[in-house]
Each structure stands twice: as structure tokens, then as C-alpha cells.
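In the part that follows, the structures are each spelled out as C-alpha cells.
Below are two complexes that have chain A in common, paired first with chain B and then with chain C.
And now, the complex of A and B:
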């Protein structure tokens, strides 16, 4: 058990190390002077630039530059951003909670809808609910998330007026006192229910759009693993001893069917972070994705590379946690 | 049995073997019986025809502006309406297929070539080459695809379709390397492959004649399914301003223009529908191919 976890952690550390090699390579492939990758070219104070040139060892040979890069990363220094003239690390900390809130809500939506949909499909194999679930999954997989966002804004904001078109709160409203940076959570912690409702009202549409693709994947996964489990002997035994079908499904089958679905959620984090880039851009949601897009269009390399590094780190860490959880739930996995 | 008749039956045997179709060809033939997949083929071929004939079919110049007819809803003169610069959306959607469809095909072909080659060598030769190729693949796969593509496109100097396409190939090749390596490893230990060595087949011949043909099916299925994904990814990069440059009528860029005009449904809806129809068609073809090429499915 612990040997598996230790090995898994070591592999993740190796992956993180390789990720920094990639981001370092990216910083060295930007056009022009490599200083552009740590201090944006629109910051022209020679003292600041000289300071960063020294700090990142840009006058040293390449392998040394990598060591300097790592040392600065360890100190949380990713250079200066043009969009804000602030240290990138500070910007990332400011934008990360919004993305975590959005992705978290999207995952919750995907599970709350995908799980019942997949179950319904499996229990009605090849009947109408199964076809419906297949259609929903196909829809989620084939409608580009950035168009889905526009469609939702058109229908639910412009035509029906049910939801705001974007942002995290109404214009001019102050955010709750900073605890986690997630407005819904912070508003609850501050006991401000009106603000909580407003934050939630802004969160619903982006989260549903972002979660639509994941919902399809979750429902397909639950469907196929539940179908497999339902064919097993112990299910027949449970039925034979006279258990109600609802009990057979909820108590006996679901427990085993849910396990493979958990690993999928780890993999979905990658597509959620990628989808967040497009969703946040459309809904004016001030998270990492929107920050990255603004930065990329201004060729603000330090910021773009910072987001790339952080999103890869999140992806690796989440998958590490999922794998460990999986090994706790299903002991068979540890032997492989 | 005399020597003559033995030789004769051997020749007959060879003739029979030669006539028998490979499972791959048989699978493609079986696909014709799958109605959903054939619908996909028809739609996709339709788009290819539209892409080729766009200059002939399109009623207007896709980049010609007509500022006196801005944001007009669909009508008999402008079937899909006009955009914020008065350009005809129907013509732009038709022309868009000349950018989006080839983009998807090129990206997947390049990823298949690079990833397939590296994966085949990794699986066949093994050792340090395998370790290097697969670690490289792992590390690329530990980035969310669009974010890595975004930063590669930015590092290559920002906008421009070719930057976007290169970025997407860098993001996609590892999956092909993995599938190819897996298929090669699975085939390598087969007896007919190990038997080829003592009868004098060179390593290159073993790889080319005995192993690679067996890897066709999974790679063909994956590539078909991925063309749609590549089209959406390219459109996504264009949507955020890192792909096709205005006034090019790329579908993602057209939807991006609709972003600032979300009170109007038509500038975004038609390019989106075009993209969805291509992606769905490719999904149907890919699923059909998977059913047809997977021997386990065929027995049913």
C-alpha cells in the first residue's frame, strides 16, 4: 500500500520536473532576447531588466540558466507580467481561486447530472433513456464549448434574462472578505446570504457550459461500468435472495460501478482546465484561463508560461490524489 | 501424392490466400452496411465538395464588406444573414470549410506520421529510445492540451494559422505514439513475427511487412475521431485570437466575432452548426470504423 503511494508520488515529482523542462524550453524559444520570457518587453526600466537578467542567469550557459530558473521557481518568482506590471506569481494567486471555483462547480454539475443519467441509461439498456443519454453525451462532445457559452448567453441572458451575461458579481458590488478567493464560499463564510445568492447566480451558467462535456463522459463511464457489474454473479445472487431491484442497484452494483468512474474525473481535470480558457473568455470570468488569453494576445510570455506551469501542476497533483484514492478504494490496483 | 500435384495445390492455396481480403479491407467494406456511419461519410464528403467548390457556390465574396447591410438577419438575399461588417455569412461559412476541414486533416496526418513513427520505433527497438520517446510523450500529456497549444502558439509569435497548427501537432503526437507503441508491442511477441527472424527477414522487413499492417485498425479509428477534435481545437485557438487572422473566414474566428455581438444569434450559429456537422460526421464514421474493424464486435 505505502510502497504504491511512494512510487506514485515519486513518478509525479519526475513528471513535474519534466514539466519545468518544457516550460523552460518554452521560455527559451520566445522570439528575440530571452529576457522577454521573464520580463515583458514593454517594461523598459533598465534597472529592472538588468536585475532580472542577473536573477535568471541569462548571461550564463543554458544548463546553468535552467538551475537559476528552478531556483527562482522554488522562490515563487516567475518574472514580471506586462498586463499588470506585477510579479506573475502574484497575478496567478489572484486569478486561481476564480478558476478553481468555476471548475469545481463544473465537476459537481457533471457528477450530479452524469451519474443519474448514466445509471438510467444502464438500467434501460437500448431503450429510450439509453438513447437520450447517448444523445446528451454526443451533444456535449460535439458542440464546441465556446459556442455553447455564446448560445447559453443568447438564450438565458439575452432572450430570457434569467442569468447575467458574465462576471462573478454584479457591476459595482464588492467581493466578500478574502478567505479562499471563491466568492460563493467566502460569502457563506461571511454569513452574507444575499451575496452568496448573487455569486451563485453568476456561477451557474459558466459552470453548466464548462461541465457539459464532462457530464457526457461521466454518464458514458457510469453506464458502461454499471452494465458490466450488473452482469456479474453476485448481482444474480442478490436478486435470487429476493432483494428489491432498487436495493440491488443502489447497494450492490453502484459501489463497484462507481470505482472506474472516479479515475475518469482525474483525467477530466485536464479538459476542464482547457475548457476554462474558452469559458472564462466568453463569460468575462476573471480566472487563470482569461488571464492566459489576455496575456497570450499581448505576447506577455511570463504570464502565459506561468499559467501553463500552474495548470500542468494542478493536473498532475489531482491525478496523483485520484490514483491514491483509487488504490485506497480498490486494493487490487496496488499490485499492478 | 506426387510432387506435381503437391506443387499444384500449393499454387492453388496461394491464389486463394491472395484473393482473401485482409480484415482491414473487410472492415472498410462492412462499413457500408452501417447506416449511421454512411450518413457521416455523406456529410463529410459533402463538406469536402463544398470546400473544393466554394468559389463556385458562394453567392458573395467572403471578405467583401457592405457596411450598409450590417448584422442583417437571414433573408432571401443573405441566407445566413450578414455579420457586423456586412459580409455574407453563408459565403463565409462555405469558404470556412476550405480552412477548417484541411486544418483538421493536416494536423492529424502530421501527428499520425510523427507520433506513429516514434511510437513504432519505441515499441520495436525498445531500450533507451523507448524510454526517451515515452517520457517525452508523458510530459506533453501532463499539460491541458489547449493551454500548452496556447503557450506554444504565443511563444512562436502569436496569431497565425500555421503557428496554431504546429502547436496542435506538438500537443497531439504523443497519443499516436502511445497507441502505435502499444499495438507494436502486442504484435511483436506473436509467433509469426518471431518466426520471421530465423528465416532471414531483416528487422526493417519484420517491422514493415509483419508488424505495421496489424496496427492499421486502431490508428485509422483514432485518426478519424481526432480530425473533428483537431478542427475544434484549431477553432478554439482562433476563437481566442491565436489562430486564423481576420478577415479569413475560419469558423472559430467567425464565432469569436459573434462574441461581442451576442444579442444576434446568426453570426455565431451558422459557423458553429457547420463545425458541429463535420465533427458529428467524423464521430459517426469513427465509431462505425471501430465497430467494423474490431474483430470482437464482428462476431456478434
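And now, the complex of A and C:
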């Protein structure tokens, strides 16, 4: 097992190196000079333009820029963002936890609702609860995120006033002391329960919207998987032994039925990061998605590479974790 | 302020590619019946209409409310209970810095006014008169504040003004801040250029603690306008130095105060910056040492709202007190029993630019063809349909509100297709001749998508027999090509760097090497001489006469034709007092008071 993990990590590092090459080449190949993003075109003074080029390292030949970038990266310095004038690492430190908090909450919502819904549907095959669960899953999986977001905001914010329209906290409220950057977690760590409630209040609606699609997928996956498993011989055997139906489902059936769902959840985490762009925009959530869009449109290559590296790392780690989880849940996989 | 970066503009009205009125989308989607039963049930369950459920509901007076004009409500008097927080919604994605030596973004204006104010102030209803803020009186030749040769400006600073740090403001602080602004060599440094001699020395001097003397390289009749802006943003020099701020020529690389000043302020304005979270909010607290009339609110928050739809929802849900960027549809949808609309003209304008040189101008190199195009455009449609009536149209690239702009109003091009065709015939242009209209795709100017503007221009111009090829480009690339004078025909936006006619007449007047004139290779030697004379002319009437001549030439040369000058509309909670659109600062939020 450990050799497997070490091999995967080494391959991952190679993949990340390739990511830097490809991203750097692509961002610098598109037409347009990144300096246009920072120098107002009212400014003709070459001294000012040169000052900005020097500041962002754009005064050197392209290959040298890449080498300098990689040298600094090896030291943990991801460069200065052209669009925000802040160190990329500092920007990521602020935006990444926001996305992780949102995606994490969304996936928790998806699992907590998708799993029971799928189970309910499978255990009531072709009955009313099945139809209801399938309807909810279909709605979640088929309605576009932006539309659902608009709908929720209109109903729950504007009409009912139950939730704020966006942002991570109320206007002017200071965030909790930085520990993880996830406000709900940090508020709890600080023992500030009022702030925790407020952060949670802001998190609920975007998380539900973002997680709705995943909820639908998980629910359908669990349903079909459970239906298949419930028809297996060993389930019949378990019932013949006189086991309670709840135990048959939870211990024998679910253990096998959950494996495809875990694969899907792993993939969904990746898609949640991508899907978060729209949700973050609609809910004014200052996450990685919005940061990436701004960076890309301003040819802000240090920020683009930074975001790409982080996203790639998350994908790789999630895939690794999923592979390990397989073997934990189903020992037969480990043996092969 | 400049021909804005595409994203600067996007930032003002929403994300680049996700630009939609959310309410409209929702309404359309609902109309499709996609989930109508669910929504109907939910709405029925919540009961009532917006009036019942909105937390912002105020006592309704019934009937529509009048839209007030641009005139400011006085600073003091009136208003309800003080304290609390004033929250204003705007897309603040464009803010890159709040350090007074490097800030140069539009959305930074309101908080920077609150933190630093300026030596002088032009009132929203009269942008050509500058009133003293930190000085005892506005310098003039009559009071001895301006030397007879127009080269020296002396400001007598009021005694007893304190920074938020508690230290008293002196002339030395101004000298430090002006030098730092220049030597940091950032986007806004040019505003100090007139004070810099050939030896790169900044000619700002503290004669004594309360006397500031500024010496210009050459007379500049617009200099007071500079003194009402960023040139005179003054922070506590000792506090800035303590954070690594420098006023020496090596400040461009060695100054380290920027990061701190992006998050804190040390000015003498009514509020103190306490935090700025990019694309989230700017938070300010009341400055206990403020020398002026007490402000009504303890806190000020400039809250991020990506676009008109989001700001409308924030306003309706009670999260913000005022929305700065509602579009025409959103303004129409406002419940006037709950919200007022305050409007006033901005000094931006959206203009078309036609290349004057043969390469790459082609047929546009002929002034008659440019004029024919100007006569082909249905200007009323841009104002009334694309901007929903929230716009006016100046005749030249000098916006209405600036000195002399109203004097040339009669010269504005109006749609006259016969005249346009006659001009084309006179120029010998054949039917079906082509021009290429390049524009930044996926972005917008003042809330109007560029694609819409381009399509409208194409339709208008093709009515006189010129075929218009649309060339949507990456917005940054378009700007780069425009800068390099590679575009035959385009449209863009311009805003003021300082509140003076010269801020438009000079760059648009055909002065060689001045953007945007150089981008269409526009040279008018008469204007060069007139502008040189005008900038040195202290007599206001004579000055106006000179600029009117410049504007007349600009209109006749027809390189730039303005399409519209937006009227900004701020939607505010019913009864909020003291709100006014300010063309430079956007809003003077320290004057806002709660409803009575």
C-alpha cells in the first residue's frame, strides 16, 4: 500500500510540473500584454510602464520569466498577482478556504440528502416515495446552478428574507481570527458562536444550490446501485438467516452499494470546484472561481498558474483518497 | 480617468461573461413554467407581496416619488437618528489599491474621499467652482494665493485639523504626500507632473507649518482642479513613514507602505479605513478626530454587488441602503413607495473613434466620410433605448457640465441620412464600401453590452450604403491595438482624471502624442496652439472662448463622436437624505443621513 501511495505522489509531482509548463505557455501565448491590466492607458510615461514591468517581472525574456517563476515557486513564492498587486499565495490563502468551505458544505449537503433519498427510493421501488425521491433528484441534477441560485435568492432572500443574498458575513462584520480561512470553522475554534451562526447563515443557501446537482447524482447512483445489490444472492441469504431488514440494508447491502457512490462523490468534488465559479459569482462569494476568472481575463499568469496548481493538487489528492477508500471499504480491491 | 480597461468597466457592471439581469432571467425562466407549481406554492405560502415581506419596508406615502436632481442636500441638518452603519452597494472588483499614492480605480473614489478628502472640493451641482476644505480660502490672484504669473499657488492650511492618528495636519504632510505620489511612479503619479522640474525635483514647499507653496513648471489654469483631487490626498506623514513610506526618488522600488495603506488610512477625513477585502467590502469607522461637522453614521461599508440585478436584490432585501449601479430595467422595477432614485450626470462618455490616416483608416481618412457616418447615427436610440433615457449627449468629446460644452451643443451631429449620403457622394465613396468596426467583445460600457452598441452602429451606418464588418475582439487585445493605432473604427469610453475641460479637450483635441488622439492619428495644429493658450489663460470667459473654438474644430474634424454621456442613478432607501451623484467622487457619503 505504501509503495502504491509513494508512486502516486511522485507521479503527481511530475503532473504538477507539467501543469506549470502548460499553463505558463498558454497564458503567455495568447495575444495581449499583461501590462495592459495594470497600466492605465492614460499613462504614456515609459518610466511608469517600466516601473510596473519591473514590479511584475515582465521586463525579462519569456524563458527567464518561467525560470524565475519556478525558482521562486520552489521557495514557496508564487509571485505577485498582476490583477490584484498582491502576492498570489496571499490571494490563494484568502480565496481557497472560501471555496473549500462552500464546496465542503455542498458535498456534505449532497451526501446527507442524496444518500437517504437514494436509499428511500430503492427500498420503495416504484412506489410513491420512489417517485418523489426521483423527482427531487431529477430537479437537483437538471436545473442549472445559476437558475437555482436566482430562484433561491428571489424566494428566500428577497421575498421571505430568511437568508442573505450573498457574501460570507453581514456587511462590516469582521471575520474570525484566521486559522483555516473557513469562517464557520474559525468561528467555532474562536468560540464565537454568534459569528458561527452568522457564517452558517450565509453559507446555507449557496451550499444547497451548489450541492443540489451532486445530491441528484448521488441519490440516483445510490438508488440504482442499491437496487442491484438488493437482488444479489447474499442479500437473500442474509434475509433467510433471519436478519432484520434494517441490518440487511445497512450492513450487507449498503457496504457494496456505496462503492460506486464514492467514486462519483470523488469526481463531484472536482466538478464542485469548477461549478463554484457560477455560484460564487451569484452569491458574491469571494472564492477561487471568481479569482480565477478575473485572473484569466487579465492575463494574470502568476495567479492563473497558482489557481491551476492548487486545483490540480486538489484533484490529485481527492483521486488518491478515493483510491485508498476503495481498498478500505472493499478489501478485495486491496488484494488485487 | 482614462480609456478604461475592459475589466475596469466590467467590474463596474458585473462579471465579464456572466452579465445578466438576474431578475429578468428569473422572470423569463418563471414564464417558461419550468418550476411554476413549486414556486407558486412557495410564494403562496409566504403570502403577500414584496411590501409585506421585505425587511426594508418603510412607511409608504403612496404614489410615486419624485426623482431628485443632482443638487446636493446640505451637509448638516435634517436626518433621523445617528449611529449605525451606512451600506452602499457597488461592484468594487476594480479596486486594486486604497493607498493614496497608488489608488487609481473608479470604485475607490467614495472611500478615499471619506478617508482623505482633498484640499478643495467642487460641489456636485457646480463642478467649475472649487471650495476650500483644508485651506482657509481657495487661492486666487485676487487674494494672493496665485502669483500674477500663474506659476505659484499658496495654500493657507487651517489650524487645528487633525489626522485620524491625532497628529495635527501641516504643510509638511502635504509636501511629503505629493513627493511620495510622484516618486512612486504609479498610475496616478502624473497628476503631480506639473510640479516636477527637469532635475526631477518636486516643487512643493512648506513655507511654514501652515503654508504650502506649490510651483508649476508652466501656468496651468486647470491646476485648482488637480488640487481638488488625488494630488492633495494627504495622510499623516509620520505614520506613513513608520510603515516604510518614502518621499525620495527611490520610492518606486523601496517604498513599503502600500500594503498597510491598502488596509488602513491616516487621513483627516470623516472616516478611517479599517479593512478592505477585495471584491467583498470596504469597511470604515467614524474618525473621532474629524474636524468637520459630525457624520451621521458610525460606520460606512462599501459592499460588493456584482451587477445591477444583485444590487437590486441587496437593496430589496435590506442588506444595503443604496445601490449605485442599477440599470434602466432595475430602476423601472423599483417600488417607489420604498425607494427613491437620485440621479445626476457623470462626466464619462462613450464615443466612436475613426482613424484619420489612410492606413488603416481607408475611406475614413476622408473627413466627409467620417461626417457621413456621424450623420447616419440614430443618437436618440442610444440615449432612450440602450440607456433607458438615463443619458445625455454632448456635441464634442467634452462632456456637458464642463466649461463651454453647452456653447457647442447646437453643433452636435443629428441623424440626417440624406446629408450623409450626399457627403459620401461628394467624397466619391461607392455603395458597398466597407469599414471594420472593432470592439471589446463580452464587455459593456455603462451597462450597455458592446455587442448591442456595435450591432446598432452597424444597422445605422449600413443605411447610408457603407458595409460595416463587426470585429469583436478580446477586450484587452482591442485596447492594445487601439493604443497602437491599428484599428480603423472602434468605440470606447473616457472618464475624467480631473474636473476641468482640459482633461478632455487636450487628449481629444488633436495634440500629437496624446491619447486618444494619437490612436486615430488625429493632429490639429490650430487646436495645439489654442490649447496651449487656454491652459495658461486665467480669465474664465476668455478661456471658455478658446475651448469653444477647440471643441468646434473637434466636431468638424469628426475623429471622435460621442454617443452618450450617462446619467447615473442611485437607488436609495426611501427618505435617505443628502445623497447626490458627484462626477468625480461618485458620492460624498459623509453627507448622507438616515431617513427622518
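Operating definition for what follows: the second predicted complex is superposed on the first by the 255 of 336 C-alpha atoms of A that agree within 3 Å, B and C clash if a C-alpha of one lies under 4 Å from a C-alpha of the other, contacts with A are read in each partner's own complex, and residues count from 1 in each chain.
Basically, a residue touches a chain if its C-beta (ideal position, glycine included) is under 8 Å from a C-beta of that chain, and two chains touch if they have at least 3 such contacts.
Predicted model, so just to flag it, every value in this text is computed and none were measured.
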For A:160, decide between first (touching chain B), second (touching chain C), both and neither.
-> second
Between chain B (first) and chain C (second), which does A:18 come into contact with in this model arrangement: first, second, both, or neither?
-> first
Where does A:26 make contact in the superposed view: on chain B (first), on chain C (second), on both, or on neither?
-> first
Have a look at where A:293 lands relative to chain B and chain C in the superposition and call it first, second, both or neither.
-> both
Contacts of A:187 with chain B and chain C, given as first, second, both or neither | neither
Touching A:281 in the superposition: chain B (first), chain C (second), both, neither?
-> both
Is A:316 touching the first partner chain B, the second partner chain C, both, or neither of them?
-> first
So, does A:147 touch the first partner chain B, the second partner chain C, both, or neither?
-> both
Both partners, chain B and chain C, contact chain A at residues 30-31, 143, 146-147, 150-151, 153-154, 157-158, 165, 278, 281-282, 293, 297, 299
Touching residues on chain A, where the partner in the complex is chain C = 30-33, 36-45, 47-48, 51, 54, 83-86, 94, 139, 143, 146-147, 150-151, 153-155, 157-161, 164-168, 170-172, 174, 278, 281-282, 284, 286, 290, 293-294, 297-299
Report the residues of chain A in contact with chain B in the complex, numbered from low to high.
-> 15, 18-19, 21-22, 26, 29-31, 138, 141-147, 150-151, 153-154, 157-158, 165, 270-271, 273-275, 277-278, 281-282, 289, 292-293, 295-297, 299, 301, 304-305, 307-308, 311-312, 315-316
Touching residues on chain C, where the partner in the complex is chain A | 1-3, 5-7, 10, 15-18, 22-23, 25-26, 29, 34-35, 39, 42-43, 46, 50, 53-55, 85, 87, 93, 96-97, 104, 185-187, 189-190, 252-253, 259, 275, 277-281, 283, 299, 301, 303-306, 310, 313-314, 316-320, 474-477, 479-480, 483, 497, 507, 513-515
Report the residues of chain B in contact with chain A in the complex, numbered from low to high.
-> 135, 138-140, 142-148, 150-159, 228, 232, 235-236, 239-242, 252, 255-256, 258-259, 262-263, 265, 268-269, 272, 275-276, 279-280, 283
